[in-house]
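In what follows, chain A forms one complex with chain B and a second complex with chain C.
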Partner chain A sequence: MASYDSDDEVDYATDPAWTDITPLPQDDGENPLAQIAYPPEYALAMSYLRGVMAVNDHSARVLDLTADIIGMNAAHYTVWGYRFKTLMALETSNGFNDGKTDWSWRKELDWVQSIAKQYEKNYQIWHHRQLIIDHLNDPTGERDRTNEMFASDSKNYHVWTYRQWLVKRFNLFDAEELEAMDLLLDDDVRNNSAWNHRYFITLGRLGAEDPAEGVIDREIKFAKEAISKAPQNPSPWNYLKAVLRKGNINLASLKDFCERFAPVHPEGEISSSHALDILSEIYDEAGDFVRAEQALVLLAAKYDPVRKNYWRYRKRLLGSDENVLIASEKTPTVHATA
Partner chain B sequence: MSYQRRAVNSKARRKVVFPKDWPTMVQIEPLEGQQPRADETVDDVSHPNPYQMAPGRVPVMHLNLPFILDDLKTETSQKQLSTARNIMRSVDQATLPSLDKATHIEFLLNPLDEGLSGGFVGLDASRPWLLYWCINALSALGEDVGVYNERVISSLKPLQHPGGGFGGGNGQAPHVAAAYASILTLTVTSYYASRGLPENERLGVYANSFAWIDREKLLQWLRKIKLPNGGFKVNEGGEEDVRAGYCALVVLALLGYNEEDLRGDLSLGELPLLEGVAGYFKSCQTWEGGIGAKPHAEAHGGYAFCVLAALCLLGDPQEALSENLDFNRLVSWLSARQYAPEGGFSGRTNKLVDGCYSTWVGGCWSLVEAAANAIESSKKSMKVNVGDLWSRKALIRYILTCCQGPYGGLRDKPGIRPDYYHSNYVLLGLSAAQHYYYYDDSSVQSPVLTKSPFRHGYRWKSSKNVPRSSGNDGTGGGWLEGLVEDESDRVGVQHPLFNIPLGAESYLQSWWEWFNDISDVDAIPGEK
Partner chain C sequence: MADVDPAATAPTSTSNEPPPPPPRPIFNRDRNIKYWLRCLRTLLPTEYTSNDNNRTSLAFFCVNGLSILGELGNLTKPEERSQWIDWLYSCQLSSGGGFRGSPATDLKSHLSDANRIWDPATLPGTFFCLITLLALGDDLTRVNREETLEWVATLQRDDGSFAEMHSGINEKEDTATRDPRFIYLAAAVRWLLRGEEGSLSREVKDINVDQAVRYVQSCEAYDYGYGSRPGAESHAGHTFCAISALSLLDRLHPPKEPVPYPIGLLNPSKTLHWLLSRQNAPTNPDSFDSSSNISPPAPPFPPSDAHNGFNGRDNKRTDTCYSFWVIGSLDLLKKAHLVNAESNREYLLEDTAHRIGGFGKWAGAPPDVLHSCLGMVSLGIFREEGINRVDSALCTALQTKEWAESLEWRKKRTI
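Showing the complex of A and B:
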């Protein structure tokens, strides 16, 4: 009876397979507010789920029932939780493939993927997948599943959260992971989620550890090349600052690079407000408050006016020790030469 | 059977039909990809108000695309450009439209008075959220939601789980967001129902609203979702993120648990409930300076609010934000969330503005400015006000011109249908822009509250006068003018951490002090 392919609608009230379950009503209390006028099929399925949960039934038919409900309300975390418990119980009792059913972990994962494509903004689907893959202890094909999701929404927060878990859980800090980010950033250099993941796999995961030889230089080069393609893209600028910070490299080393995009003295064509932002800080650290202020005024007046109050606050902080947006974790080894 | 619902009446037929991917427990993702309704265009929000004061000038930044636009086109830049162009048509109004309170109230009363159609089945695990969003938004619009107190109580009682905590609906597993939204709703309606009553009657209202909550079991349940790393899961077997930690702390703070309750019984293997919590939040600050859902996750406005508000429950803003976080990088990232020409906030770098971030990002500013003021004042050894670090006026312009649905309700952006979630968080954001919220470390607290680990959450005040920045010598200042051109546009004051009407938290606190006092069998009557 049970199948992932079945489109048959089950009428739990008349189906002989469900006669042993007593449907339980929902208690919404007296005169409830914002009550939902449930579609009859949802109300019926939920009453049978309550009946099933009351007798702690974890037989294969529960998978039908929960899939039915999830198809109507994918955010039903209680139903997802009960489904996972059922899957685990079925595995323990070897209840998969009992002749009548043809459930398997693989089919479950395929079904989850199809639901995920229908409901992109959903916490439960990806958490369910995580529980399964954690249990199976096998990440095979999982990166591809997330890549499929990125094809329709490359910034899906839930999918990225899952991807990070996957990489951490199975230690997938490998060339394939870095190449995947190269591809995504090649496709859209403004995909900040991909930048975030890149930082995670190259430097973020290290915590207080030092990065391997050459990684800092490689990432600086990568960020600078990305900036050259689109200098007003904030992601690689933020990334560049973060890499320098991790590498314990003084911000002043970016002075020439930034001035290419934001010549302040003499004032030339400004092609990046982010370069101006960093330059104000570099000038500030070097004690050149006039130019630092000039950069902030340009930002407030012309290049990023909605943040005028913030730039004014930054001006207030000029010359103060606290104005180190890139506070090094150790004493800087490279000093400002300007 | 309980699933037999009353017939849908004619008024209910006006209810919007909602998409299948309706957001889950806390929806803080912008609702991208939704198709605009055919009858709704980008220009539909213009409601010129003849009673408004003389029109001002539209700031130039709202009339033009940013000065620098890169040539390279990608999906992100194309979406951003088309959104900015669309919004430019809406924000370009010399006279700001008024806040159409009457139609928003009608939109928000509808689900409470008429119930919801079957199209809302996707919110069946979020019933307390529906109550909170509608009731809190109504209170912000000046409605007396006290009339709903009894029905809120009877609606929420069946959601309390026998094992402690609250589910998203009757018979559902306990979920921390459900507990959060339930407690907030009760706090709001009890406040309204008891205002102006003599003390004994007020206590009666609170007894009715809160005495049925099994505090001991709730605490035990929260221990089950607490993680050894200092984080929380949203439910047993559920996902871990900072939203869970924030919700848990708000529940603990509003229900008046004391240090001893939280410490737990070591002989039973219970660990202190707040152990490692601040450290966990701290570990969620990212390389960008913003804050993600969990360690290493991308910086996101929704989670940033959760962490900032939670930390400010545990300490004064200065220590909470500057000792736990890299403050300057946080401010830089937060500030970069506000865009022109739109005026609104985005939730992440290179994402689009969305009205709900008026709260998630806009709500962070009171906390951040309180910290900045304290830092600068201690540096200068005098009271310094750094003034606003963001543009209140730009956000107000975005909200009034872009976030009001033509048939009531507030929304993400023009062309997107309003909903209850956005209605609440757009209005809370408007409140953040219209008022000055400040931390008052000189406020006098009761002896019980003074010992509470959450005492800092009870020291927030509000003012209609928003100060301008003072000079480094403490001089200058004055007030920011023109934020609320017509007083009828003003929304209610909101607590910057709890997101409920400011003052409701103190009323509730008074009840707990009274309740815990009489419940303490060891206490000698009359002795404090």
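Showing the complex of A and C:
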């Protein structure tokens, strides 16, 4: 008893600990839509959850019940919410110490991590973790926990969202964070999530001042080295263009670099459609429409044929300002709390 | 009589002629009708338990699926449809406006002011119930429309984003969910219930549209896709929600003259580029260990333009649902014609379509209601034979949208 995780099988209908709760079975009506073949254990546990919610019971046994349900349906946001509220109530009433409650926020976090590994594509788990860490106001060990998750799925959107929140909430824009991204990109240079996070910590900080001396140059060098290793990888190209914009550096400065991967005139060995794409823009801006068109024709005919409609559309736009339909308000004036 | 070898009567080809092209794949309408009828009339398999809290979304996909095939009225009985309508209305909260996401939280006669918080109305529940009711031919007159609109407005935060629901957890601004999905759902509910020029509800508190638009714009990432919040990685699902939210708020296409309010994507031609870049060759399952944390191997270069579906982020696998999130976005931007529609057809009809009907997430995956519905809508945008016309912003049959627009209570009042 009182393990508060889902290991113990509890039969709520016969367990004396639950006799005071009236289970509320689900009433689906006569001919419902989207009726699910629930496992019987799930249907029973949910009946007890409704019974518990009806009387706002936030005693320690609720940790067992919610863990049991989460083990069968980790995406159940009501259950997570009810569990968090119960943890807060237990802390307030007795600091988890009533002589028989053997639980703590740290134990909760360990349990959450074990659930996260079982149900990787789950948002609620990370939101729960976020609420707890925010409440404890202590990020110790949290970067290691997310790194563990990246070891099995390095592009998990929910984990990255959590990591960004962690960095922002505890101001972790530091060398350790940058090093972690170095490692992930070293492991997989095509990990776009790691590229995005690198931008977030180096240049994308909301409301931050101009980047520190040398950061723009360092990041340009980093992106170019990555491109040289895998020229057809879109992630570092997008990153490089964004760094240039941040540094107010003209795209035309990439001309020589791009021509290494996409010699258009005379046509040589082409190893990157992204280089061709950027070159068409550079030539267009410089008024060299012949080469701009040549780059777009090569893309449509051979190096990126699936987008041939788009490259032909771009050809028609040569010499015009293709960004005429820009928004009336260029800069968003509102950010989430920085 | 001797057997005739059919090959002998076929025209013989000489060696310098190219082989005939493979037959164009077809959308198997009958198989898909059977799939949707099965989903509507029998229990969904146990695997759907993880969607228990969003059963109204499952209901939407099932009803919408048959509706897009134009067979909802022909192949289901009036009593069935009437019972389904009653079930959807049973998800409407008795007070406070909105619909719950699932009967799983319905406390029925045990509901009280003290426990009401555990049975909340949610934005997804409300949108999915409303649109499914419309698909079933209901006129929404049993909806608490004004209360629902006022509840939607209470979900909006100062920065313009929306909460999914009033959750009972006192969250700080920075721990709460604030992604474009909920702006999209709020915009869709507002569009459905407010009607033209707010004719229904002139006096009902509206959302702050300017601020909602600014929040959407702030989710633009450095590569011009949109993410779940400012600074997050571009994601085609969030990008669809951003674009369709602007569309439903009538703020997607700026007029020729400048206007004094926020409107449009910040960099539409760059977002167009990002969206079109989502179309990619599928990953060969034999060359990819799906349990690996490493990116799937890069496609050969120069790449093939056959069987190209869509991924949701750079260097991720293609997946049926992104064929809708991306093409739907492009349709709203009036640029769907730039997609390689034939290659997308090959991917959906030859790779992810399942032999029992419906579509899986990717080749070899079992069909599920979300991917089956979105795969069909994606094909419907290009007027696939056998699929009715669709509306991208609401992800539904065009007929359903037109039914909403025809409702008397929704029309502008003339004094």
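By definition in this document, the second predicted complex is superposed on the first by the 313 of 338 C-alpha atoms of A that agree within 3 Å, B and C clash if a C-alpha of one lies under 4 Å from a C-alpha of the other, contacts with A are read in each partner's own complex, and residues count from 1 in each chain.
The rule is simple: a contact is a pair of C-beta atoms (placed from the backbone, for glycine too) under 8 Å apart; a residue touches a chain by one contact, two chains touch by 3 or more.
Quick caveat, the model's predicted, so the values are computed rather than measured.
Enquirer: Using the superposition on chain A, decide if chain B and chain C clash or fit.
Expert: clash
Enquirer: Let me test your reading of the model: by the given contact rule, A:R169 touches which partner, first (chain B), second (chain C), both or neither?
Expert: Only chain C is touched by A:R169; chain B is not.
Enquirer: Once the shared chain is lined up, is A:R190 touching chain B (first), chain C (second), both, or neither of them?
Expert: Both: A:R190 reaches chain B and chain C.
Enquirer: With both complexes superposed on chain A, which partner does A:V55 reach: first (chain B), second (chain C), both or neither?
Expert: The answer is second: A:V55 touches chain C but not chain B.
Enquirer: Counting only touches as set out at the top, which of chain B and chain C does A:W160 meet: first, second, both, neither?
Expert: A:W160: touches chain B and chain C.
Enquirer: Considering only touches as defined above, state whether A:R316 meets chain B (first), chain C (second), both or neither.
Expert: first
Enquirer: Tell me the contact category for A:E120 with respect to chain B and chain C: first, second, both or neither.
Expert: In the superposition, A:E120 touches chain B alone.
Enquirer: Taking the superposition on A as described, I'd like to know which of chain B and chain C A:A151 touches: first, second, both or neither.
Expert: second
Enquirer: Report for A:S235: first if it touches chain B alone, second if chain C alone, otherwise both or neither.
Expert: The answer is both, since A:S235 touches chain B and chain C.
Enquirer: Between chain B and chain C, whom does A:P23 touch in the aligned arrangement: first, second, both, or neither?
Expert: A:P23: touches chain B, not chain C.
Enquirer: Superposing on chain A puts chain B and chain C in one frame; which of 5-13, 365-373 or 437-445 is the clashing stretch?
Expert: It is 365-373; the other listed stretches have no clashes.
Enquirer: Need the overlap of the two footprints on chain A, from chain B and from chain C, as residue ranges.
Expert: Of chain A, residues 24, 26-39, 42, 46, 50, 53, 72-78, 81, 84, 127, 130-131, 153-155, 157, 160-161, 164, 168, 187-188, 190-193, 196, 199-200, 204, 230, 232-235, 238-239, 242, 245, 271, 273, 302-310, 313, 322-323, 325-327 contact chain B in one complex and chain C in the other.
Enquirer: Which bits of chain A are touching chain C when the two form their complex?
Expert: These residues of chain A touch chain C: 24, 26-39, 42, 46, 50, 53-56, 72-78, 81-82, 84-85, 127, 130-131, 134, 150-155, 157, 160-161, 164-165, 168-169, 187-188, 190-193, 196-197, 199-200, 204, 206, 230, 232-235, 238-239, 241-242, 245, 271, 273, 302-310, 313, 322-323, 325-337.
Enquirer: Which positions of chain C touch chain A when the two form their complex?
Expert: Residues 39-40, 43-46, 48-53, 55-56, 58-59, 62-63, 80, 83-84, 86-88, 90, 103-108, 110-112, 114-115, 118-119, 132, 159-161, 167-169, 171-175, 177-178, 211, 214-215, 217-218, 220-223, 227-235, 254, 258-270, 273, 276-277, 279-281, 293-295, 298, 301-305, 308, 313-316, 337-340, 343, 369.
Enquirer: Give the list of chain A residues in touch with chain B in this complex.
Expert: 23-40, 42-44, 46-47, 50, 53, 72-78, 81, 84, 118-124, 127, 130-131, 153-155, 157, 160-161, 164, 168, 187-193, 196, 199-200, 203-205, 229-235, 238-239, 242, 245-246, 270-273, 277, 302-310, 312-313, 316, 320, 322-327
Enquirer: What part of chain B is in contact with chain A in the complex they form?
Expert: Residues 1-6, 8, 12, 20-25, 27, 29, 31-33, 59-61, 66-72, 74-77, 111-112, 115-118, 120-127, 130-131, 134, 148, 151-152, 154-158, 167-173, 175, 234-239, 286-289, 292-294, 296-300, 326, 328-329, 331-333, 335-336, 338-340, 343, 348-351, 372, 375-376, 379, 386-391, 394, 469, 472 of chain B touch chain A in their complex.
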